[in-house]
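Both complexes shown next keep subunit A, but they swap its partner, so subunit B is in the first and subunit C is in the second.
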Partner chain A sequence: MRAYFKMEFFQFMSNKKNIAIYVILLFLSCYYALKIAPEYDPIEKVDVLEIEARYLTREEFLDNVVIREGMHYLTAFAVSIFPEWNEYDKARLDAIEKNNLEEYAEATSKWYTYSDKFTFESEVLYYNPGYYTYGNSYAVMDGHYAYLSSASRYEDYTEGKSDLSVNVFEERTALQTLQRLLHSYLPLILLVSCILFTVDIVLKDRQNPTLLQGLPLSDWRKLIVKGGVSLLGSILAIIPLLVGLLIIGSQYGFGHFNLPVPNYSFSEDLFSTITMGEYLIQNLLFIVVWFFFIISLLLLVSVMLKNEFANLLVGCVFLFAEFIYFSRGIGIEWNAQWYPTSYVQVGQIISGYRNYLYVSDALSLRSGLVVMGLCTCVFLFLIFLMSNHRKFKLL
Partner chain B sequence: MWNILKTFFILEKSNKKNIFACIIVAVFVFGLALFVKTEDFGNEVKEKSGEYQSLASALGRFQNVDATENGNGSDLYKNLALQHQLVVRQRMAVKMNLPDLYLDTAIEVTTLRANSFDMEGFDMVANYLPSKRENQLDRMFYQYMKETGLSLESDPLSFFPFLIYLFGMLGSVWFIFMSVYSCGIMTEEFQHTSIIKGYPITFDKYVIAKCMSSMLLVSVFILELFVCSLPLIYLYGLGDSSYPIAVFNGDFAIYPIYKYLGISILYMVFISIFTILLSVILNVLLKNMYLTLFTQLFLYVLPLLFPSMMNVIPFNPFNYLNFASILNGQTLDLANPVVLNGTYGLISIGVSITLMIVAVKLFLTTGKLKKV
Partner chain C sequence: MIELKNIGVQFSGKVILKDVSEMFNQGEIIGLVAPNGTGKSTLMNVIMNYINPKSGKVILNQKLEYTNKKNEVKIHQLVSMMPDQSDLYNQISGKEHLKIYSSMWSSNQKLIDRTIKELGMTSYINKHTGTYSLGMRQRLCFAMQIVSDTQVMLMDEVMNGLDPTHVELISQILVKKKSEGKTIIVASHLLENLEKYADRIFFIKNGELILVNDLSPGFEEKKITTVRVTRMTDEIKEKFSKEFPKTNIQSLANGATLIDVRGYDAEKLGSIVEFLQENQLTEFSFGKVTLNDLYSMYYQEG
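Up next is the complex of A and B:
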């Protein structure tokens, strides 16, 4: 079995298609690091001018306002909330001037909490204008999430677990970039590469079936070895992506494994933080479980349909099915958590953002592992049954 | 020639790949219909509310001042404040079901917007407003509706409007689908070179026949798109086949739905032939179906990754493969705007097809086929 594994692995690595995938991943990660990452323009950035403009306008208002009977209720409202708000803005400005990042983080955290308290469900106050882009009907929800998650993030910075810098605040360091990518399309890229790696692993033997007939291995074991090889190959796909990480790290710093990652819990509408290290390990675990899922699925399709094109299609349908049924708030109406396809956005599941979008509290790492694990077991069991059937032919 | 075509048909009939391709086309159509339903497209109240909020935050970038005609606000500020007002009126018109008022207000808003683009400080609020191109398309559309007196009706799920949406989506994926479908077109032959050497026919004729049989299947796929959308007639009605759509063809213009569909199908046929021939050539050169696929996708993505390339090589056929974005004039929104004309696109793809046929005829012979 070991020798067979070696042989399969050697074939896998010398397969032109697989080499091409690694090269493409390398190209993409370099392109990202050199072209897209420097253009990253976060909405919640450290912007002295913006704070100053807001602070000065409000301060002027507070200095000039005359408090008297019968004034407009909005004026009264402003008079009641602006002093504390301005206190935080002042603290932020002072901290930046003194270059005291910890104080800045503390004031900023309070500022976000305080702002959100009055802005959410308010008719007159707005979140950062960056959220209200043309065509975004959920700007308030986006702003609410971003403000609260920033508040919890900044609160954690004050605890002094890691070095602070403006790059850390704006999430530009290598590890934070990785975290942002896991939150968007990196899981899809990894899973698509996994599909492409696995798509021909069984069917490539069809060209020379006689060569393998003499092997003293049952079909089931052969399939397991093939699955193992493509799992290893898929995990190795991380290496070319690390190159991009190194490039970003050399430009903006690498960040630290103790940096906080906000974690949303739906039932309490509250944020807590986990460390970057935990977040990355959970992601890695979940992605590997996804690899297991996809590989077992494609092995099953390979032995059932015996067609590479079908493998590709079935794999892609599972990856992209969520787009068809997903819309915000749909978690209220039906149980998306029972579908493995709801867990494609690995990073968003772990940080709880997916729950926020679905308006549900059922999509979690644990339920994901259970659903994906069960599906994988079912697939493997089916393969086992089929391959032990008397009339079964692998190729 | 006829005999070889007949042979191919028999071969294709037993090819599982075609069945799966048919299934995926059907899944795509049904999935898209579901998607349109869940996303609630065409809900004007929701759209106008979003627009209202965007304008409110655009106004939030200014100090609150007098926005009346003689007030001391800047021109842009007054313009935005007026737009804000009009959008509220539009929303009201939708709720109260007053199509004429809606149309008049829509024309006013788009005209106001058209003026705002050149005003001082527009860059500051550009994010909250549609781009110049989008606004121009809207404006054309509303003005046309006003002139012809057609009634605004848009159930995005009735047959014809849905087809527009479907073909709009197909624009970006058709080439990808075709390259996945055709990337292995000649690899079977490489595995058993003796088969093709035994045919009493020259290699170029063989290739042409193969392309023709694939094209027949492509026409089946295109037909399937329509067939799968047919249930919508029963569920949501037929819609109007001459309902106008604003497009960009070097200039902003109005096409009826059937013309838009016709051009899209023409593009799809051209792109299919283009992709199949490209697959043949790349198959012969690279001798591997996945490398063929990756090369094709790379060539497709390249102009998107480096948009400035489009200015340098305007006749690159790969610029024109996303026909929906060409008809939308999307390249006008880029940092360096490029005018890509739909007709030139067809010519460019057509010329490339001819070149590739010539290349197949001149350079590819059975001698090239060696076992991989």
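Up next is the complex of A and C:
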């Protein structure tokens, strides 16, 4: 079995298609690090001019407003909330001036909590204009999530677990960039790579049938070894991506594994934080489980349909099916937690953002592992039954 | 030893193998001879279980059958088939191929170097097989099977693309393997060569396995049984029949004429030579029916 693994792995690594995938990933990683990452413009950034402008406008208002009976209710409302709001903005400005980042973090955390308290469900106050672009119908929801998430993140910064910097606040460091990518398209890229690695892992042997058919190894074991090679190859796809992280790290710092990652709880509508280390390990675990799922699925399709295109199609259907049914708030109605396809956005599942979007508390790392694990077991059981049938031929 | 019991194979209603039963023993080289597409490879594929026969079974060492996948692995530990040269991995070296086969069958690693040396592959074995000529590839495939060192070896067209020196070399190795107790089944079109080392040769026709000795009794005997005349006109044949009415004469599709002289003494043989000389026929030889002749008789006549 070891010899067969060695042979399969060598073939895997010398397969031109697989080499091309690694090269493309390396290119994308470098392109992202050198071109896209420097242009990252977060909505929630450390913008002294903006804070100052807001502070001075409100301060001027408070200095000049005449408080009298019968004044407009909105004027009264502003008079009641602006002082505390400005207190936080002033503290932020002072902290920046003193370059005291912990104080800035503390004031900013309070500022976000306070801002959200009055903005969410308000008809006159708005979140950062960045959320209202491109006709975003969910701007308020996005703003609400971002403000509370930022409040939680900044609160954690005050605990002094890791070195602080503006780059950390704006989530530009290498680890935070990785976290942001895991929250968006990186899982999809890794899973598509896994599909591409696996589509021909069984069927390529049709090009060398007489060389391989008579090997003294059962078809089941051959398939398991092939799956193992594909899994290892898919995990190795992380390496070209690390090159990009090294480039980002050299520009903006690498960040720290103790940095906080906000975690949303739907049932309590509250944020807590987990460390970056925990977040990355959970992501890695979930992505590896996804690899298991995809590989076992494609091995099953390979032995059933014996067609690479069918493998590609089935793999992509499982990966992109969520786009067909996903709509914000649909979770409760659709029981989306029972579909493995609902767990593609690995980073969003772990951070709880997917629950926020589905308006459900059912999607979690745990439920994902159970659903994906069960599906993988079913696929493997079917492969076991088929490959052990007396008349089954792998090639 | 390997036993075939009532093997029947049909493809799209066409009978390829019909109730084939035969036993191949240890320390025996079996030759399979038949025109292309008559079932040689199918028979080997059935022995390897690459094809499920419609009926019958293959039994190894009187106990192992392809009844389940576990047994299939056990049989494949003991029975191997030479790979086709077109199936080699072009991007890796010949030595890598040998290492793969050796480790897959957990055979003695020393066999690798010994086989490379025996087959004269030292100068190119570390190069990628994509750079090999047909003969080099063929030798590598043969070497792969030798290093797998299984009890039963199946070789389909083993001599393809080889020059006479290497044909001879491989023939010698086959004889050596036979002396080690291996059962070797060879399908080949090099009939003269096959005749030299095969213990039993089978023709396949109409799905049946026919022992050559049954077609031509005395085929294996080392006596003069036949006078082989290269060119003999119909007129001379007629004349011959009149002069030797009790002697059987047979014309082959390849142009040769065989005169059956089984049991003839020196005097009788002398009179036949005299007749041939009188009729200006100088190209003739004494011996026995060759495999080529039998092939011609069996497959090329009607």
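Quick notes on this structure:
Just so we're on the same page, the second predicted complex is superposed on the first by the 395 of 395 C-alpha atoms of A that agree within 3 Å, B and C clash if a C-alpha of one lies under 4 Å from a C-alpha of the other, contacts with A are read in each partner's own complex, and residues count from 1 in each chain.
Please note the rule applied: contacts are C-beta pairs under 8 Å (C-beta built on N, C-alpha and C of every residue); 3 or more make two chains touch, one makes a residue touch a chain.
The structure displayed is predicted, hence computed values, not measured ones.
When both complexes are superposed on subunit A, subunit B and subunit C fit side by side without a clash. Looking at the shared chain after the overlay, A:Ala3 reaches subunit C, while subunit B stays out of its contact range.
Residue contacts after overlaying the shared chain place A:Val243 against neither subunit B nor subunit C. Of the two partner chains, subunit B and subunit C are each touched by A:Gln207.
Of the two partner chains, neither subunit B nor subunit C is touched by A:Ile189. With both structures placed on the common chain, the touch criterion links A:Ala139 to subunit B but leaves subunit C unconnected.
For subunit A, the partner touching the most residues, choosing from subunit B and subunit C, is B. Applying the stated contact rule after C-alpha superposition, one finds that A:Lys17 touches subunit B and leaves subunit C untouched.
Shared-chain residue A:Phe323: touches subunit B; no touch with subunit C. After superposing the two complexes on their shared chain, the closest approach between C-alpha atoms of subunit B and subunit C is 8 Å. Applying the stated touch rule to the two superposed structures, the overlap between the subunit B and subunit C interfaces on subunit A comprises residues 207.
Residues 2-4, 6-7, 10-11, 14, 207-220, 387-393 of subunit A touch subunit C in their complex. By the touch criterion given at the top, residues 48, 50, 52, 66-70, 72-73, 76-77, 79-84, 87-89, 91-92, 96, 100, 103-105 of subunit C touch subunit A in their complex.
By the touch rule above, subunit A contacts subunit B in their complex via residues 16-17, 20-21, 24, 31, 35, 57, 126, 129-137, 139-140, 196, 200, 207, 305-310, 312-313, 317, 321, 323-327, 330. In the complex of the two chains, the subunit B residues touching subunit A come out as 16-17, 20-21, 23-24, 27, 31, 34-35, 38-40, 46-47, 49-51, 53-54, 56-58, 60-61, 63, 127-130, 180-181, 184, 191, 288, 290-291, 294, 298, 305.
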